[in-house]
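Given below, in the form of structure tokens, are the structures.
You will see chain A twice below: alongside chain B first, and alongside chain C after that.
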Partner chain A sequence: MVAGVIQQLLDGLTLGVVYVLLAAGLSVIFGVMHVINFAHGELFALGAYFALALIAPFGGTAFFAALIVAPLIVGVIGVAIERYTVQPLYGRNPLYHILLTFGLVLVINDLIYLIWGPGASSLARPDVISGTVSVLGLGVGVYNVFIIVAGSLMAFGVWASLEYTRYGLIIRAGSQDRQMVRNLGINIDRYYSLVFGMGAALAAFAGIILAGTRQVNPEMGMSVIIPAFVIVVLGGLGSFKGAVAGGLLVGILQESILRPYFPFLEGMVIFLLMIGILLIRPQGLFGTEAPEDESGDLLTGSRGGFLDPQTRNRLGLAMILLLALVPLGAGTLYSTFIVTLMIEILIWGLFALSLDFIMGYTGLVSLGHALFYGLGAYVVAITIQDVTQSVIVAVALAIVISAAIAWFVGFLSIRVAGVYFAMITLAFAELFYNAIYRLDTIELFGEEREVTGGSEGIFGLDPFYGIAGIGVDLDSIGIFVGTTVLTGQLLFYYVALAALVVGFLLTRRMLQSPFGSVLKSIRENEQRATFLGYDTVVYKRRAFVISGALAGLSGGLYTLFTGRVFPDNAEWMVSGEVIVMVILGGMGTLYGPIIGSFTFFSLEHVLTGYTDRWRLVLGSIFVLFVIFLPRGLVSVPELLAPYLPGGPGPGPQTEPAPEDSSTGGGD
Partner chain B sequence: MTPDSNTQGSRRQFIKAVTAGSVAGVTGLAGCVGDPGEAGNGEDLDDFDTVTLGILEPFTGEFAELGEERHKGNEVGIEWVNESDEYDFEFEYETFDTQTSAAAASREAEEAIQDYGADFLTGSINSSAALAVADVADSNGVVYTPGAADISITGSNCSEYVFRFETNTAQMTEVMAQWVNDELGDQIFYHYADYVYGESVRDEFEARMESLSDSYENVGETTSDEGSTDFDAFITQIQNNADDADALVVGMTGADLAIFLQQAGERDLQDDIPIVTTTGSFTPVRGGAGLQAVGTYTGVRYSHELETGDNQEFVDAYEDMHDELPDNFSRVGFESIRMVATGIQEAGSRDPDVVKDTLNDLEHETIFGTNRFRECDGQAENPVWMGELVEPEDGGDVTEVTFDLMELDGQEAIPDCEDTGCDR
Partner chain C sequence: MEAQEREPVAAGDTILRTDGLVRKFGEFTATDHVDLEIERGEFRSIIGPNGAGKTTLFNLISGALPVTDGTIYFDGEDITGLSPQQRVRRGIGRSFQISNVFGGLSVRENVRLAAQSVHRDEYNIVESLFKTTDKYERMNERTDRILERVGLDDIAEEEADVLAYGDRRRLEIGVVLATDPDLVLFDEPTAGMSVEETQGTIDLIEDVLVDQTLMLIEHDIELVMELSDNITVLNRGEILAEGTPEEVANNQAVQDAYLGGMVE
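Moving on, here comes the complex of A and B:
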């Protein structure tokens, strides 16, 4: 029994030490540069892959050399990433770093696939750190001991260099108060590359020692990034001490306590802990006081535009008419699949619009919008499966429940801002994602009933468009237009289009109301809005509820469209992708995200036809957008205007125009 | 591809329904109805040279390695059919990437049917994606031959359009349970991945043990998430329970299993308790786990050394094309395509509705000898073996797999029709 407990403790320490190394780099990078580095997991994977490449020709004996060389290479890559992609973004809102590094995740991950191919490989290691030794009658893995010792030494080395060197002193000072360091005449910016490179090298080191026992595979980065963020948030963004405490806490909690004794709670407790800490002590266990506010503005695409409102209204109307014609060409001008693809674009357009309502108009970046999308999708599926086939009831329930959960999440989350808000919404979304797996079936009135269907999801749904027996089944009615029969999905297309148009007009009307003016004033300057007597938290929460309800509607539409729902619909990549769409199109415009959705799916559809490595291209395009075109595609005409004959004259305005584009038309 | 082949899917279903008179009927804007005969595939009952095949494999993401392996088998199958005089038609095909998600898989399946005009679909490795594609195939009326082993695909979620040559978990656990009960005992500890496949291994193994032994006991269970890479805590728990159990049954596959076996080997778990797996024989699993997996017992679905049916001809064709030996997924790809081709040839039609009826209980000569897709569930009657991972004779660093511990023929291994839960 005692031996078992000691072994469990050792397991926890092994993982904890790796987490410490991973989180330390992430945390210090944030502390000094305010960069939330989503690509940290990929740097971790790169370390393991470089080690694999270095060890392959020489065998296990090269392990120790690789442990030094590979992190150095990744460190250099880290420096290059900082120089060429992160540096142009300083001075902007830190949320752009999330977006940039999310693009880098796609790029680096696909490069790994391209260079090393899919599949897992073992990292050979020397015999001296293999096998087991007997300690007090307990068979202890030598490699586990090696991880604990080597990891601790590395962490100690980093701590000592932060504590006792001049560089460390400056970095620590920068992490506490950048402006003060600058005031003292030190050019802190010069240290940024160094810190980023060091963080990358630490991640690489962690990647190698972990790969020694868990193999090297292209998904290894994805599997650690979320726990790493949890640890950084728990310990305190920017705090090395916090990373150590958080890493060991999560490692031991996960391995030594939850898995052996409360496996049902694994995956839940960590996120609940993260939410709790963010609410009670947003700066984390060991973080410095309040987060330093050096955030730049979020760059919205809503700077008036160069079309007058009337032209825009007409353009919007023309777009709707054009979209309404799409199903008519199916099967003759183009294949029916184009309509299927367009339905997905419309649904995701609505989803992106819902995120834009909160992100583009109040500046709250939700990293957990997949929660509402997934919730809507599951509520519709469960209602149709277990309660009634009525689409009206199912969709209404999806909207109401999504709105209610959004109110609850908003009630807890909106008291924190910026990156903390992003993290807390991510935690809620992960909780929901875990719950989908856990709530496979429930026992109700002594009968086992399927709820979410676990990893299989729910499928074979047969929705009925009506209520109380009055209505239609889209698959069994048809409208004949020339040679085209509009039935099934071709008819559903109009349902999706109508939902998007209604969603757009509704949000646009709201933004034209006094409520919308307050939202925009919050985005421009929340403090001033407060001084004017507005309770900004209440306004933001209301906006969040509307956003959640619309996202729930879009998720519900997805279920109706496919007739099935899977846990994939709620994973964190969904939240990432919808943010990509909002940025691609241009946030703060409502119609920009719809253009973003169109661009995203069209690119994916076209690129997958040419290459398996389409994420590399998409990621690169996204990175370029964040750096060079942060206002999104909607800003392109404005940028080109001065160069076009008959354009409206001088370059883009520098001040936001009093007339927001949202008061104009759109598509 | 002909333009007609685009007008499938729900439209075809609808027109079928119109002709059957089962539709509520809404008068049209223009009121012009095309000839229903033009829209279906009925026009090519006797005279066709090509058949369109949509191949849906995970070419990117965590299952990409297995997807590529299966696709190599697809390629050999297509070439086999196209160059053989036994078939009066050729396959034309296009590949679609199901990625890792069921959502992407169902979208790609829709694209294959609606855009490419595929009448026949094949592919997918992971159970969630295969279930999603099966649902799309069923609602669009195209024949689908999946690759995943999850029991429900030809069980509670079966479809009249779905035929599976992959050996399912029920067949695999039949031989495993018999051997474990005979040789190791009936006190079983389980570790499985918490998703469709892992759960089905536990359920199926348990059901068989209960019928084999009255004193059977489930001593304990641990579960890890799909895609886990860290099994230390579970291994500790298993070691703590090792004295009470006769065997550890592991319900995992792919990288999960490879990493588990590696970490278990590192901690000498085999010395504490015999490890029995469903898919330890797969090349990627053995490659990943290395020599740490020596001594692991495994069910075997396929071996390139088998002398059954025309397996050696397949192995030669495979080696000629790819310069390597086939493994489980490639044989599934190969034979799925060949069996569908035989069905098309026998039916004299490429209409999926005609072919699906012909395929039921049709006898084929396969790499396993005479075989068939059962009418009651669409499952192939594959033989299964029990084997062990052993040190390689050539001294390499990847284990070799034996398959001589026990063998069950196809009819012994497959569950009775009434027990499948399938109503096709």
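Moving on, here comes the complex of A and C:
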């Protein structure tokens, strides 16, 4: 018994030390530069892969050399990342760093796939640190001890160099007041690169030592980045001490307490903890004052208005008509696959629209919109499976439940500003994602019933488009339009199109109402809106509820579209991808996100024809957008206007249109 | 509307009173037991050297900062615990520097947002989501009236960002007026302005906000002497002196601590 407890504690400590190294870099980077580095997990993975490559030719004896060389290489990569991608964004809203580093995740992750392939490998390690030793009659893994000792030494070394060296002093001073340090004649930008490189090297070191006991695989970065954020938030963004305490706490909690004794709660407790901390003490356990949100607005594309309202309306109408024609050409002009692709574009267009409604109009960046999308998807699936086949009931439930949860999340978190709001939405989404796995089945009236189906998900749905027996089954009817017969997916296309058009018109109407006026004023200047007598928190919460409802609708539609649902529909990559779409198209316009969705899926479609690693290209494009074209595609006409001879510029539809010319709606 | 003169202050009708107001930032005391009493219709200026706690005082009155200790009464009621927006609704308006209008919105939208706040009780939540703004008559009437009052009716559809300097100033004052305040706080409305611009702004304030009680933070001592009914001199968070311009000008402590230092 005692032996078991000690073994668990040792496991917890081992993982905890790895987390400490990972979180320390992340936290210091935030503390000094106010950059939230989503790519930190990928740097962690890169460390392990470089070590793998270095050790392979020489065998386990090269382990120690790799432990030094690989972090140095990753450190250099870190410096390059800081200098060429992060640096141009200083002075902008810190949320752009989140977007940028998310793009880097896509790029680096796909590079890893490209170079090392999808398989898992293990890292050879020297005999010296293998096997077990007997400590007080207990068999203890030597490698565990090695991780704890080497990791602690490393963490201590970093702490000491921050605390006692000249460099450390300047870095700490810079995190207090960077202008002051500049005034002293110190080139702080060089130190920023150094800090970023050091953080990257630490992550790489952590990746290598963990890889010695676990496998090296391309998803290893993805799997640690979210826990790393939890730790940094728990300990306090920017606090080294906090990263140490948080890392050990989460490591021990996860490995020593939850996994052996409360497996049901594993993966959920840490997010509850994160939410609790953010609500009660946003600066974390060890953080000092919450850092000021750097000035700099979110850059919207709302001023691309060349066309007068009438022309825009006509263009929008023409767009809808054009979209309505798409299924008619399926099978003759192009394959039915195009229609499937367009359905995806329409559904995600609605999802992106829902996110933009809060991001582009109230400045709230949600990193957890997958929560509402996934919720809608699951509500529809569970309703159709267990309650009624009626799509109307299922979709209505999806909207209502998503709105209710959005109200709840908004009620708790909207008063928490900026970066912290982003983190709290991420935590809620991860909580839900983990709950999906836990709520596999439940006991109901003594009978075991499937709820979410765990990792398998729910499939084989048989939706009925109607209510109380009045309606149609899309799979068993056909509608003739001339000589073309529309069935199944081709009919569902119209359901998706109708949802998008209704969502678009509804939100547009809202923006013309007194409510929308206030939203726009919040985006322009929230403090001023307060001093006109508006309780801006209430308005933001209402916007969040509407956004959640629309996201839930889009998730529900996606379930109807694919006929199944599984946890991937709610993972954090979903939240990231929808942000990518909003940025690609342009925040702060209603048609921008739809254009973004179109661009995203068209790119995916075209690129997958050439390579499986399309995210590499997409990620690179996204990174370029964040740096050079943050207002998105809708801002292109405005940018080009000065160079065009006379007259109004082209309309908002200037994206590179691939084979199918139909984009989603105009304003 | 024809030009009106500010009416003489009616003694005994207090609109704003602060009682032992304290605000600390860590160890530093920015506002130190300030007792103020402002009469309805009064033009009160707050002066004092940099760091005297003038802006902090305004932040406390408007609710932008919570008090550390003390009480604020407005119209005889304790408003110390109210949020900024609740205070605005009670009639405390706050003017910002002109760069603070909603730049991306039109002149009309700027004013209408303020008017909408006043008329917010006239529509329910569902209606306010879906009924377009042009359907609200009283709100739009109020907007038109104010646009005319500040002379912006002919450029109401322009985006606030592209306005000329003087017009932005008019807009800022129009927006404050549209919130229907009884008391308006002006924090250095003329900062960075030339002599003529300053005079123009003051004239506009005096002309448009004729029914309001005004509190003004201002560096230009001559201007303050000319305009104010009463002046409060702050120094290191405390009230150093208070009274009519003559009384303050002749106060020895003020001359020593402040005016002497100002005339360089």
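What to note about this one:
Following the convention adopted for this analysis, the second predicted complex is superposed on the first by the 633 of 667 C-alpha atoms of A that agree within 3 Å, B and C clash if a C-alpha of one lies under 4 Å from a C-alpha of the other, contacts with A are read in each partner's own complex, and residues count from 1 in each chain.
Convention: a contact is a pair of C-beta atoms (placed from the backbone, for glycine too) under 8 Å apart; a residue touches a chain by one contact, two chains touch by 3 or more.
Just so you know, these numbers come straight off a predicted model, no measurement behind them.
Applying the stated contact rule after C-alpha superposition, one finds that A:Gly185 touches neither chain B nor chain C.
Looking at the shared chain after the overlay, A:Ser223 reaches chain B, while chain C stays out of its contact range. Shared-chain residue A:Ser521: touches chain C; no touch with chain B. By the document's definition of touching, of the two partners only chain C reaches A:Gln512; chain B does not.
Judged by the number of chain A residues each one touches, B leads among chain B and chain C. In the superposed model, A:Pro57 lies in contact with neither chain B nor chain C. Touch criterion met: A:Tyr143 reaches chain B, while chain C stays clear of it. Shared-chain residue A:Phe531: touches chain C; no touch with chain B.
Against chain A, in their complex, chain B makes its touches with residues 6-11, 13-15, 17-18, 22-34, 59-65, 68, 97, 101-104, 106-107, 110-111, 114-115, 117, 127-128, 131-132, 135, 139, 152, 157, 194-196, 199, 222-223, 225-227, 229-230, 232-234, 236-237, 239-240, 255, 258-259, 262-263, 266-268, 284, 287-290. Against chain A, the residues of chain C that register as touching in their complex are 62, 64, 83-85, 88-89, 93-94, 96, 100-105, 109, 112-114, 116-118, 120, 123, 125, 128-133, 136, 139, 175, 179.
By the touch criterion stated above, chain A contacts chain B in their complex at residues 4, 7-8, 11-12, 14-15, 113, 117-122, 130-132, 139, 141, 143-144, 213-215, 217-220, 223, 254-256, 259-260, 263, 267, 331, 335-338, 340-341, 344, 437, 454-457, 459-460, 472-473, 475-483, 485, 487-490, 562-564, 566, 568-569, 571, 608, 612-613, 615. Against chain C, in their complex, chain A makes its touches with residues 302-303, 509-510, 512-515, 517-518, 520-521, 523-525, 527-536, 542.
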